[in-house]
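Shown next, in structure tokens, is the structure this report addresses.
Lettered A, B, C, D and E in written order, each chain numbered from 1.
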Amino acid sequence: MNAWLLLLPAAVLLLAFTHYPILATIRHSFFITRRNGTEAFVCLDSYHSMAADPIFWRALANNFWFALGTIPTSIALALLMAIWVNRNMRGRGFLRLAYFTPTVLPMIAVANIWLFFYTPDYGLLDQLRGLFGFGGWNWLGDPSTVMGCLIVMVIWKEAGFFMIFYLAALQQLSPDLEEAAAVEGASRWYTFRRITFPLLMPTTLFVAINAVINSFKLVDHLVIMTKGGPNNASTLLLYYIYEVAFTFQDSAYAATLTVVLLVLLSTVALIKFGYLDRRIHYQ
Amino acid sequence: VDLTMYYPVAVGGPVTKIIDDMVSRFEKENADIKVTAVYAGNYTDTMTKAMTAMKGGQPPQLSVLLSTDVFTLMDENAIVPMDGLVTDKSWFKEFYPAFMANGQIDGKTWSIPFQRSTIVLYWNKDAFKEAALDPEKAPATWDEMAKMAKKLVKKDASGNTTRWGVEIPTTGYAYWMLQALAIENGQKLMNEPGNEVYLTAPKTVGALDYWVDLSRKHNVMPTGTIDWATLRTDFLEGKTAMMWHTTGNLTAVKDAAKFNFGVAMLPAKERRGSPTGGGNFYIFKSASPEQQKAAVKFIQWMTAPERAAEWSMKTGYVAVSPAAYQTPAMEAYAKGFPAATVARDQLEHAVPELSVHENGRIYKFVGDAVQAAVTGAQKPQEALAAAQQQADRVLRAYK
Amino acid sequence: MSAITLDHVSKNWGPMRAVDDVSLTAEEGSLLVLLGPSGCGKSTTLRLIAGLEQLDGGTIAIGGTDVTNLTPAQRKISMVFQSYALFPHLSVAENIVFGLRVRRVSRAERDARLKRVADIVGLGRLLERKPSQLSGGQRQRVALGRAIIAEARVCLMDEPLSNLDAKLRHEMRTEIRALQQRLGMTMVYVTHDQTEAMTMADRVVLMRDGRVEQNGSPEELYNRPATAFTARFIGTPPMNLISQGDRLIGIRPEHIQIVAQDGQAARVKTVEHLGADSIILCEIAGQPVSVRQDGFSKAQPGDDVRLAWDAGHEHQFDQKSERRLEPMLNEARRIATG
Amino acid sequence: MSAITLDHVSKNWGPMRAVDDVSLTAEEGSLLVLLGPSGCGKSTTLRLIAGLEQLDGGTIAIGGTDVTNLTPAQRKISMVFQSYALFPHLSVAENIVFGLRVRRVSRAERDARLKRVADIVGLGRLLERKPSQLSGGQRQRVALGRAIIAEARVCLMDEPLSNLDAKLRHEMRTEIRALQQRLGMTMVYVTHDQTEAMTMADRVVLMRDGRVEQNGSPEELYNRPATAFTARFIGTPPMNLISQGDRLIGIRPEHIQIVAQDGQAARVKTVEHLGADSIILCEIAGQPVSVRQDGFSKAQPGDDVRLAWDAGHEHQFDQKSERRLEPMLNEARRIATG
Amino acid sequence: MNGRTHPLEAVAAWLLALLWLAPLAYAFWSALHPAAYATSFSLSAPWTLENFARAWHQAPFGRYYLNTVILVVLILIGQLVLSTLAAYAFARFKFKGSGIAFALVLLQLMIMPDVLIVENYRMIGKLGLLDTIPAIALPYLASAFGIFLLRQTFKSVPLELVEAARVEGAGPLQILWRVYVPLARPTYVAFGLVSVSYHWNNFLWPLIVTNSVEARPLTVGLAVFGAPETGVDWSIITAATVMTMAPLLFAFLLFQRQFVQSFMRAGIR
């Protein structure tokens, strides 16, 4: 039995839809396609126009804030949820269900629901504010709030997913350890800080890496909710790539933008495999 | 013959149902032609789909796309002119020339008007009455609109606005609205060959200034962006007393309004004016000769006066030919509902919609500038200057 | 003062009485072993003493103070868990001083005490390692180190040796006992291994189904089992119990001789040579009886033999209640030889 | 014919000779035990016989046929793994007939053979259970069942009992031996537990560092250890070896008496009471000597005692080579008593 | 020990749970009431299923369902088969270059097909598969996540079981089929559920490669249908939204215990 034979089907598809496209993207970023279909080598021209493209920088910065806004909070919430539902709390099954449910819902569907929340004046949020005498607010139409609104929604969507990983990790922790700490006189908070949390570090890392990757991948909601607006205030890199490639039909520039995305993701990979995996304690 | 057609929907009402119904009637009359009508989203989505499908080697044979997509479609070598496909060119003359304007370039006719519009002003007569304004009289000038709007604003006890005076949408087709304002201010936005835009012209800036002032100075329009898609609902919910919107929404508004409303031409500054809007039929180059023939047949059927009238009544779009307005059904309808002809009447003041090469990109630049201005992120002047700069960069290749 | 007293202690798991009205005392400075088959409630009892579980009845006192409602930390005990419960991300040194840090003992004192304890448990050179880099025996010693550095007068251990191989187990058992005696700790030690119980304990409490079956010194349990259950639990192979009327006659394998005449007729079923001695499994009237003989027995399966024993080595139990019966004769002899 | 013969078999792991020129024969229908300390190459040898590893030298024959280059399946053997290697997702019945299904034996025959085997190993009523629902002993029997249903004449076992508790281990050892004898299988049995080796084997091969240290009957290994290594490996506690000039004098703990006079002066270090007997660890001139006494010894740590033994029980080894020396006297006596 | 929870914490946990369910609860509320109540909440609001009926008739949801189910099943089967074979190769065979090959597989964990839309679109175009269900599935059929997960699981299968099977006469594929696969069941379940929900919910890629009703999955259908331009009212959008997620939600409610447990037993992390 030849191992390569077993690998073959997966390898062919991976080559065709991951490795070749990566290389092709890099190659295309150095060319432009003329209207008549011929390609021309333009060296770094596309990169220069990218550097001069304010929308690109805006998208990049947005991606950064989006990641910063969603990742720490959703991880912290996930941990809290996991600790709660790991206990013999009344209604534990229901709580697990409640926290986890958003993650199985399609982003597209979720975006529809949240879109209504954020609708000015008669949306749910403004109705609630109205009860307290506040006026309507154009949540998604105002550059200062649009990102925050998307971040809240994504946290809602993602936290439950990460919770499951924490829950799995918590269940693998021996209860002995907490008991030993209790016998030694440690408070619950101390035990969490010094024992539980450090031991969950591999999970935290795994979840964080996933969250970072997701923050580059999640754009479905933009299509429904903001189309990147107003004035690009909610554009994310991948959405911009989509726009450039398919709406503007400029695949050379899209390739250039994709290269940036690839570099970012590879950096994440390098950090994970090259550095963190070595430093964090695995059991 | 099998035909695939992509079409967009940008207005309310059961549009897909109407199209499906018309298509099936056409198929019944023409048993040898089968048309698959694919609803592909809004105009941008549909254009995206059509372009993407073409590059992927599976383009539709015909499509309804923005009349202004013509340069882009020509640049992409996607479409064929109609001239060679019809035996009797007098057909082109049956349409309103204002609607043909966008589609006729270099003496060739590249598209046939279908769901065409102008921007009109909808006003809530009940609100006017409440504000002690004449419910039958819409504002005729910018100043009047601002003044009346001020009276129409309603606040609750805690000072929160519960009704705005006027709303002009700033997402979706912001460039369209800007163009309307610019024209009224006496400024055209583009040149004939579609390779220049005039965003920094003082009068263009003035148009945007007025727009921004409505919210920031006169406080008659909400700040932040106003969503194209939900504006109609706002109007129907009474959240605004007036709105600027496509006439394509007329029937949807008529069907849902629980109050009396009127429709008027857009108010004037230096002049009255509105760009035309909406979608035309295009035939794709890659279609086989029989398919192209069949497509023409389909287009002719769809735009024939009875169908144009039917379509206009069911949606609110302007019927594309004068003949349609002479059909008995349309005449009866217009009599009972005079608003139905306001958009057509406005054609006399209308100009072709902003149509340039790489129109998708240019629209985004203009839209971004409008949004930057209305959200207060930039002064209209700066915002438009930035857009002009980017547009120049893109259009340089087409000079 | 550090004696531990359990007074009518009970603990239920749902309908099951895991610990059922247990009373016992571990004298100050002594080692008390909780012995019994799996599931008899040993661990639960220990966890009750530690405060890791809530009592359903009774009281627990340590050093004369009622600790029934105190938290584990307040009871000032130390504990060695079956799995050691070492913190895998902390070094040996950090594991050992964990409790001191929790209690905010100064750095200087921590270091001093660590050094002392590391010497006692012989881990001086391994302090920087992580638990995963230690052998089983070394881990055991870290757990011990963590338990003794607190200088708690009371130490609880739950089967701390069950994960070790025979040789290490043997060494560690000596070591724990020596340490306990040296430091004068009061220790409660849970095991299901009777060899451990016999060799280490000052006092053995044999449990069965949540209750105390017998409480006595190792010798008492061996020489004067109070019930047939104890008799069957202690000794390898355990005591033979032969049904005779309404009684069970108990006789240990090592007290039976194969004789040429007299004695009871028996048939040899199997013979096991263990080197120093052999176990001969026989049958007397259908009841199995094992006999222990020094050296290599020459008995062969199928042989007919005769078995005899000194009446003084006979134990008697009531057939029904399984409780020990004390014939005056036996009683007298026991006192004489005891 | 099912005898197993290893002829100068070697196996290297990188630079290490895990099995080094081993030759041995397991007679047809006999049980051969591979005994030795951890890492001495027992498992590797067994796996070579099974065909799970490739030889680096020598040949292996089963029933006279050279099987050196055959796959495990072709060797027609059965094997019981240390942890039984039961398939947790299959029921008892499915586990037992696994090999028959793989070999596409017809359903009818499978059922018939299953019935027979289930009777032999006494699992008739448990066939539908999953392994996780079985006790250790029952699992062992499933593994046995799977091994015998193939009707292979040769069965290999790698420490099959090491996961069981003492009591169960004791029972299973009897059971395996009985089965092996009843079915007349040739069995190679790996263990590091000398009690298992002594009680079960027809022949014991004691290994050390990949080589055969001694190959003989259990009695031979116990009574006439060929080397000091063997002497030290067999017996609990093992033989005392006292350095005397260029010799090592070996004497088993059970052959030493504490006497009132004469004998060698010694000091008691510790005493362990095991119930039936006690182990007294003494020191003679700085050398540890353990003594086994029946019953509860009254010796106390620190006592000065005198130890004596019958010269006939003395073994002698060369201090350097550690090989056995045979004084004529001992030899004569051995033959007389052997 | 871990039974003791502060009452305040319990309250907080419940509040959070209710907050977390609120959007869903709203969607159901609005879908099950006449449009007039979509934005105002009143206990006396009448219940209705009409929104569903109208949504169902306004767009070919039946077809979308069918497409989605075909898509999800196709991807799942493909992923399971391919991942199983590849994971088996990585877990139990030693071969030259396995390290590099595995690293190349892992690359896809970071750079998923989702970000390579442009080139993948070209590739699908070259293959002439545009606007088909297989086109949506292809880039995802080889799943690094699946391979990685199964490899971990396979590696944890005791070698003894494999050797036992070998001694009993089983060949490599028999061993895979009879030993590894059944033992990895929790992993298969967990992975299967993740995969199904991912692809049921996936949007951007299907949006790009499909044009027609015949290939569109539910999500794309919903996006096209619910585009607010068309001014469909909220009740109908939420009804369509509920329809889109209902099967998944329902399956999750049914299997949540197994799901959570499989997830935990599979030790994904």
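Just so we're on the same page, a residue touches a chain if its C-beta (ideal position, glycine included) is under 8 Å from a C-beta of that chain, and two chains touch if they have at least 3 such contacts.
Note that the structure is a prediction, hence the values are computed from the model and not measured.
Touching chain A and chain B together: E.
Innermost chain of the displayed assembly, by C-alpha centre distance to the whole-protein C-alpha centre, is E. Centroid to centroid, with C-alpha atoms defining each point, chain B and chain D lie 93 Å apart. Chain A and chain E have centres, each the mean of its CA atoms, that are 16 Å apart. In whole angstrom, the spacing between the mean C-alpha positions of chain D and chain E is 54. Averaging C-alpha coordinates per chain places the centre of chain A 59 Å away from that of chain D. For chain B, the set of residues touching two or more other chains reads 52, 55, 227, 230. In chain E, the positions touching at least two other chains are 1, 121, 208, 223, 228.
Among all residues of chain D, none touch two or more other chains. Contacting chain pairs (ordered by label): A-B, A-C, A-E, B-E, C-D, D-E. Residues of chain A touching chain B in their complex: 35-36, 49, 54-55, 119-122, 130, 133-136, 138, 140-143, 227, 229-233, 243, 246-249.
Only residues 44, 47-48, 51-52, 55, 75-77, 158-161, 170-171, 222-227, 230, 234, 237, 239, 358, 360-361, 364, 367-369, 371-372, 374-375, 377, 386, 390, 393 of chain B touch chain A when the two sit together in their complex.
Taken in their complex, chain C has these residues touching chain A: 50-52, 71-73, 77-79, 81-83, 85, 87-89, 98-99, 102-103, 130, 132, 146, 150. On the chain C side of its complex with chain D, the touching residues are 174, 193-195, 198-199, 218-219, 222-223, 234-237, 252-254, 270, 272-277, 292, 294-296. If you check the complex, the residues on chain A that touch chain C are 174, 176-177, 179-186, 190, 194-195, 198-199, 201, 281, 283.
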